[in-house]
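Two complexes follow with subunit A in common, the first pairing it with subunit B and the second with subunit C.
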Partner chain A sequence: MIAPLFKFGYFGDEFSLIIAVLIGIGFGFFLERAGFGSSTKLAAQFYFYDMTVLKVMFTAIVTAMVGLLYFGWLGILDLTLVSVNQTYLVSQIVGGLILGVGFVIGGYCPGTSVVACATGKKDAMVFVLGVLFGIFVFGELYSYIFEPIMDLSAMGRVLLPDVLHLSYGLVVFLVVVMAIGAFILAEYVEKKLVLKKGK
Partner chain B sequence: MDQSLINDKPTKYMNPYLAGIGLGLVLLASFVVMGRGLGASGAFSTLIAAGTNIVSPEHAKSNAYFSEYLGLNLSETLKDWLLFEVIGVVIGGFVSGLFAGRIKLKTDKGPNISNGKRYLFAFIGGGLMGVGAKIARGCTSGQALTGGASLAFGSWVFMMMVFAGGYMFAYFIRRQWR
Partner chain C sequence: MIGKISLNKKLAALAILLGLIGILAGSPNESSAGKIDTNQLALEIANQSNIIKPTDLAKSMIDGSNTFRMVDLRNESDFTAGNIEGSENFPVAQINKSDLRRNEKILLYSNSEIETAQAWMLLKSKNYKSVYMLKGGWTGWQREVLGIAEGQTAASGSLFGSKTADETAVAPAPSDGIKLPPSMPAKSGKKKKEGC
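Now for the complex of A and B:
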């Protein structure tokens, strides 16, 4: 096993920041290519007439997920050294709902708003100020409101295979099948709405 | 065909599946090289913590949340992986926009809403995003995309909740977009 390269000590903290910029460049590039620098395009996902968000997101997830499995299977990548988000059901449910509402009201998420700022969208610049303000308020009220709910239902490192009692490979396969189903549905819904618009 | 770097007319967006594969490969590279995924909201937290610390060091250090983001000094605080990654996102987004002829100062909004109202909603939406991302310990990048690909249970729950929240509220805000 040689990867994750950083965890095996192939380079240090300072160099990892250069890697961060390079990875960020790739991230920003493809977000902009996909059209995610536009709030009207992003928000359209929630009205079913442009399902690009779903298509890009699930394709990206499937690509990286299959890649992880493959590199792990080849014995190049030690999957146990790849950091995995811990599960805190209450905070992830509450936070996710608030984020979804914020997404459809604001038209961006934090990452896409950065791309939109870079391409000159004034609404995205206001959105970023909103995010900064939101984080400031969160931090100021942290010990009064948020701290008590943050660690409720802390479950640690739980993966979908653990919850479903299925093997890792089988879950990967099922996610791929689900994604393909979602793509077919998305194409169908988009076509239907375009026909309706044409009339 | 015009082959200049800055096109007069914006080119079409990339095929979503191709863009998704590109994005997925970037995420995979991050996993393989760094052992971690992508993020965005964490960089904003670092900026706010650093800013608060500049205005009032005592206040920032006594705050249970901001103090987590503070290093020994300002430069240590700013040597944050996600902050550098987001600097890259700015560059990557700009370069892609430049090649596609999409760099333009404008307000992106639906046809039936004034600029002022669009800014108001952008600020409110952004504020909710900030709070929501902090509660959930990540946003669409750090939780949904990264956690989704590494099959983290809580991240999948989070992703479903984002779509649920968006679709549930979409009706009430439809006049902003249509």
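Now for the complex of A and C:
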């Protein structure tokens, strides 16, 4: 057997939905356990009091990246069949900034808002309504407004090793080093700010 | 000693180590090593389920149900002289560098059935899931579908197999009476949008 299992037809659309639900529950559970069901904890990231978001995200990136590298290398996974979202550089920078502003104001990102909803947070429920409204407007206007704009900077499937002309393994190593550097910096900043607050 | 180091530091060290080995490991995409499930291969060979008859292929091309990605293993000059319409040329030495995907239905043909069978084994050992061979190869296609006897050139009267042939020419009657349309509809690639 070789992954991605769905792409090789080991199971069909229906069963993939069941798997999606299971993975989704697992994802939500661990987000909640990491403390991401609380808007105060999430918002603290932007004031550098609590760098949990950065640490969790970078840990997830490093874990998945190392896993993909070695599974690919061992022949268990065909990396060329792993879905990679297309790159739309300008649109994604603009969209990222908008999402970031929403994150700071609302205290949630789309995924964590659903997690917080599940634990009964009212602010998160309002946030989700906003997200759904945004999705609706985006979807309705997609072909009229957003698609033409997005196409301007469409770059297709872009991977760092190709762009940087480095080997895949070297990119993995550099990202690991970057992540650990970020962890050290994050801990340092957290300590400084806690001391400043006189705690 | 090791017990005194925090879990975080151990994990960080592990990540660095795996990253370092990763540099040496090389590309996860270009591994030339392969592994085979010999039982499954033996079954496929015994059932001959990996062999496609030229007439079956022609029929599926006519009714538009052909889902094979057809790969011509011959050299470039043979390929340009005449090939099965819609096929791509990957001479056998370059098959490792082809952009064939492991989940595609691939149909191999060549002048030599031995070469085709070897390429089949090569792809199967690299975990390509559905690889098939055209019975009789290019000569089988010429004989059974285009109605060209061995020795004749493909360009002599084929409208279906050879791209160099005149599209309006009338094909010699195929041996089992298959009528071939002058041009095949291009295979429309179904592409699902995916993402998170």
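Odds and ends about this structure:
Everything that follows uses one rule, which is that the second predicted complex is superposed on the first by the 191 of 199 C-alpha atoms of A that agree within 3 Å, B and C clash if a C-alpha of one lies under 4 Å from a C-alpha of the other, contacts with A are read in each partner's own complex, and residues count from 1 in each chain.
Here is the rule we use: a contact is a pair of C-beta atoms (placed from the backbone, for glycine too) under 8 Å apart; a residue touches a chain by one contact, two chains touch by 3 or more.
Fair warning: this is a prediction, and the values are worked out from it, not measured in the lab.
By the document's definition of touching, of the two partners only subunit C reaches A:L170; subunit B does not. In the superposed three-chain model, the partner touching more residues of subunit A is B, compared with the other of subunit B and subunit C. In the overlay built on the shared chain, the residue A:K7 is in contact with subunit B and with subunit C.
By the document's definition of touching, neither partner reaches A:G181: not subunit B, not subunit C. In the superposition on chain A, A:N85 contacts both subunit B and subunit C. By the document's definition of touching, of the two partners only subunit C reaches A:G75; subunit B does not.
Of the two partner chains placed around the shared chain by superposition, subunit B is the only one that A:V137 touches, whereas subunit C remains out of contact.
Residues 7, 62, 68, 71, 77, 81, 83, 85, 161, 168, 172, 175, 183 of subunit A lie at the contact with subunit B in one complex and at the contact with subunit C in the other. On the subunit A side of its complex with subunit B, the touching residues are 3-7, 13, 16-35, 37-41, 43-47, 52, 55-65, 67-68, 71, 76-77, 81-89, 91-124, 126-140, 142-143, 146-147, 149-150, 155, 157-163, 168, 171-172, 175, 183.
Per the touch definition, subunit B reaches subunit A in the complex via residues 13-14, 16-17, 19-41, 44-45, 47-49, 52, 63-66, 79, 81-82, 84-97, 100, 102-110, 115, 118-119, 121-170, 173-174, 176-178.
Contact residues on subunit A toward subunit C in their complex (touch as defined above): 2, 7-9, 62, 66, 68-73, 75, 77-81, 83, 85, 161, 167-170, 172-173, 175-177, 179-180, 183. Residues of subunit C that touch subunit A in their complex: 8, 12, 15-16, 18-29, 31, 33-35, 101-103, 127, 129, 194-196.
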